[in-house]
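Below, subunit A partners subunit B and then partners subunit C, in two separate complexes.
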Partner chain A sequence: MSTQFEFLGPLKALVNGDEIIEVDATNIREALEKLQESYDGLLSRLLSDSGTVHRHINIFLNEEDIQLKDNLQTALSPGDKVTLISAIAGG
Partner chain B sequence: MSNSPFNVDKPIEWYNRYARHITLDGVGEEGQLALEASSVLLIGAGGLGSPAALYLTAAGVGRLGLADFDTVSLNNLQRQILHGTSDIGRLKVDSAVDTLHEINPDVNLRTYTEKVNSDNIWKMMEDYDVIVDGSDNFPTRYLVNDVCVQAGKPLVFGAVLQFFGQVTTFTQSDECGCYRCLFPVAPDPENAPTCVEAGIFGVTTGIIGSLQAAQALTLLLNRNGFEVGKLLENRLQIYDGSESSFREVKLYRNPDCLVCGSKDFDFRKVEYVEQCSVNQVLIPKNAVAG
Partner chain C sequence: MNQFLECSSCGNRTEFKPETVCHICFGPLNVLYDYDALKRSISRKAIEARPKTMWRYAELLPEVLSGTPDTPVGFTPLVHAKRLGKVLGIPRLYIKNDSVNFPTLSFKDRVVSVALAKAIDFGFNKVGCASTGNLANSVAAQATQLGLESVILIPNDLEQQKVVASACYDTTVIKVLGNYDDVNRLCTELSYREKIAVVNVNLRPFYSEGSKTVGFEIAEQLGWRLPDQVIVPMAGGSLISKIDKAFKELVKVGLVEEKSAHIFGAQPKGCSPISAMVKNRSEEITPVKPDTIVKSLAIGSPADGNRAANIIRNSDGWAEDVTDSEAVAGITLLAETEGIFTEAAGGVTLSVTKKLAEQGKLDKSGVTVICITGNGLKTADLVSYRTDNLSVIEAKYSSYKEITTNKAEADYVNTV
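After this line comes the complex of A and B, so read on.
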């Protein structure tokens, strides 16, 4: 069983509107690098030049912020669900 | 009121208007009175502000402040349900007052037509129990968050874009994070499409704005001893209309947050800059002392 990734809101456009994406990877960085192979430009929109997650984006593993874990090195297990959200301001 | 079936000295119309609240376990007459003694400041009388204001007014919040400098445009009417076609060109707060007064004339409505900024926001919000953010740009959102943290004022946050919405409540308790714990800075302009640029499915504002009203009412009742529900404290609720789904993620208080994590933070030292149709929020390095 692989890990499920979902990109919500404006980030969904980065994965061509795909709702749930299955990825086999040992940690979140590796998963994003694999996704980059299918979705060109993904990493540059998510990560800064220094390789950290942009501060207007948050990544959650099973609803928990990965900043409370090992950030992009956070280990993934089969069946995990990773959710990515971005700040939005519309009202 | 001898021989009266009622417990508080209110006219029968009051009992009738709020009958469905009064019947609710946990609310009752005293809970309704607590709402009547409460106040909410709504930042923005647009897409989110419309449903929030309608429900807060209908619910009988005692005092409702409406802050919006803008006028009603035809392209607002697809979602900003406080306003009608004949209101085009009027100040939104004036249009809102007419609509809200018709729904519940007992609510004390106050309007603020100046643009919310660092100079006026403290005085504007200090007399209110809860702030509901229905603004439409990052500088205002960060300003409202930062001031609420500094003032210890509960903030009900909501935001929308396209088919997507977010809502949470920053209670300002010692355990609760703030908006900057979640998103320390705003996106760069190229990563921050506005509703003007990206569009908004109108009813999304209705869903999120209604949730904001529910949070505000729950908070007001809870804090007055009427435990009617659990707040979205340290929980971000996410609505995705493209899938008709709700999700939730856990938030936390970041001890390194520049705002709620710093005793020396002062919003007056921060630049909240708006550029053209996109927005940036700057935190100068010297904004946070120590």
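After this line comes the complex of A and C, so read on.
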């Protein structure tokens, strides 16, 4: 079983509007690198020059912010769901 | 375009629409104005002739096509806090008292007034919010006033008084199992999936402009002068950013003289990612899991955290954080000196001001403004210990005399 990736709102444009994308990977970084193969330019829009997730984007693994886990090294398990969403909200 | 949205990151400009991020770089959209044109047309005299509400600064707020709201939101008192100033050693100390804002006793009434006006402009019939309590109260109340359907999402563990102060209106309140950041994520998703104006998500650029009116009013109430120092509570970091923007806009349009106002931020120690970024001189916010009784400041992943920290640094200000017990002490200090009953966030701001004064980080001769953003009745349980040992007497003068004589004697003993 693979991990489901979902890009919401304006981030959906990065994956050509696709709803749910299945990826086989052991951690978030590896998954994003695999997605890059199908969606050209994805990584450069998601990551900053230093290779970390851009400050305007939040990535959640099963509803938990990966910044509170191991960031891009956060491990994935079969059946996990990863959601990418704008960080500019709330307050 | 006299008003437009501009991406704070890449500078891309677009016309007003219910969106919060740039489609090119996903940076935050910010409302900007034609300041050169405004400089030629705006005047102190014209503003002073208008009703005493936040909408007297309409030129520096998003234009409302459906008509400028006429509800009396804003223009709250700026109180010269002489007794508190004596305690802190700051004679020219002022309290910007949004604990008496209309209609729901917090600064959130300002942002909601703008957001709901724009929701109507954009054709929404349904509005909502992710809230730690005060915003929930205001969206529920003002949506009711305007006849809009509303849905309020809050963390499950909010203070009961704040939940009641939302549920009493014509609204739907939903408690979410999780903290504010969980609610915020859910609301962001909701705004993408349904036709709803979530005021602090897809209306955020307009909503946050309402916070500027705190800064406009401070300047006008000081006689069209900027303060030397302002101390502001921080949750998501939006209010402090917008007060800075307000001060800069007043200079740009010629309403006040240029001056560097030093900006200070206040957070509870149990949720202090912005304060930590300032104090550690780090480049990025590190999100935290909130652990504090100060629910209204419990945002672990602040959307405007980086911006707030940079504004503080650029203004030669500072940020501090205080414990929960210091926050409660701040509530009572303000109440006992100035007769103003604030909520936990106000207690944080008060105690941070005291701490900054003790650290020598404040210029004690400067004009200093503390922003009090919410009302103590909403977190009254935090100071309910003050009622533990109240006297109970029979309805007879002799009983009254006995108790007050005993108290006077006890007070005298305590002084010698």
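Just so it is clear, the second predicted complex is superposed on the first by the 86 of 91 C-alpha atoms of A that agree within 3 Å, B and C clash if a C-alpha of one lies under 4 Å from a C-alpha of the other, contacts with A are read in each partner's own complex, and residues count from 1 in each chain.
Convention: contacts are C-beta pairs under 8 Å (C-beta built on N, C-alpha and C of every residue); 3 or more make two chains touch, one makes a residue touch a chain.
What you are looking at is a predicted structure, and each value in this text was computed from that prediction instead of being measured.
Trainee: Return first, second, both or neither, reflecting whether A:H54 touches subunit B, subunit C, both chains, or no partner chain.
Mentor: Both: A:H54 reaches subunit B and subunit C.
Trainee: Looking at A:E63 after the superposition, I want to know if it touches subunit B, subunit C, both of them or none. Which is it: first, second, both, neither?
Mentor: both
Trainee: According to the stated criteria, A:N27 is in contact with first (subunit B), second (subunit C), both, or neither; which is it?
Mentor: So A:N27 meets neither subunit B nor subunit C here.
Trainee: After superposition on the shared chain, which partner residues are touched by A:E19: those of subunit B (first), subunit C (second), both, or neither?
Mentor: It touches subunit B, and subunit C stays clear.
Trainee: If you stack the two complexes on chain A, which partner ends up touching A:N71: first (subunit B), second (subunit C), both, or neither?
Mentor: So A:N71 meets neither subunit B nor subunit C here.
Trainee: Does the superposition put A:S2 against subunit B (first), subunit C (second), both, or neither?
Mentor: neither
Trainee: A:Q36 contacts which: subunit B (first), subunit C (second), both, neither?
Mentor: After superposition on chain A, A:Q36 lies in contact with neither partner.
Trainee: Where on subunit A do subunit B and subunit C both make contact?
Mentor: The answer is residues 8-10, 45, 54-56, 58, 60, 63, 65, 67-68, 83, 85-91 of subunit A.
Trainee: Taking the complex as given, what residues does subunit B use to touch subunit A?
Mentor: Within the complex, subunit B contacts subunit A at residues 44, 46-49, 133-138, 141, 158-162, 164, 166, 182-187, 191-195, 198, 200, 205, 236, 238, 240, 242-243, 247-252, 254, 279.
Trainee: Okay, in this complex, where on subunit C does subunit A touch?
Mentor: Counting only subunit C, the residues touching subunit A are 9, 19-21, 23, 25-28, 130, 178, 180-182, 184-185, 187-189, 191-192, 200-201, 204, 208, 235-238, 284-287, 289, 299-304, 306.
Trainee: Can you check the complex and tell me which residues of subunit A touch subunit C?
Mentor: Subunit A residues touching subunit C: 8-11, 13, 45, 54-58, 60, 63, 65, 67-68, 83, 85-91.
Trainee: Residues of subunit A touching subunit B in their complex?
Mentor: Contact set of subunit A toward subunit B: 8-10, 12, 19, 45, 54-56, 58, 60, 63-65, 67-68, 83, 85-91.
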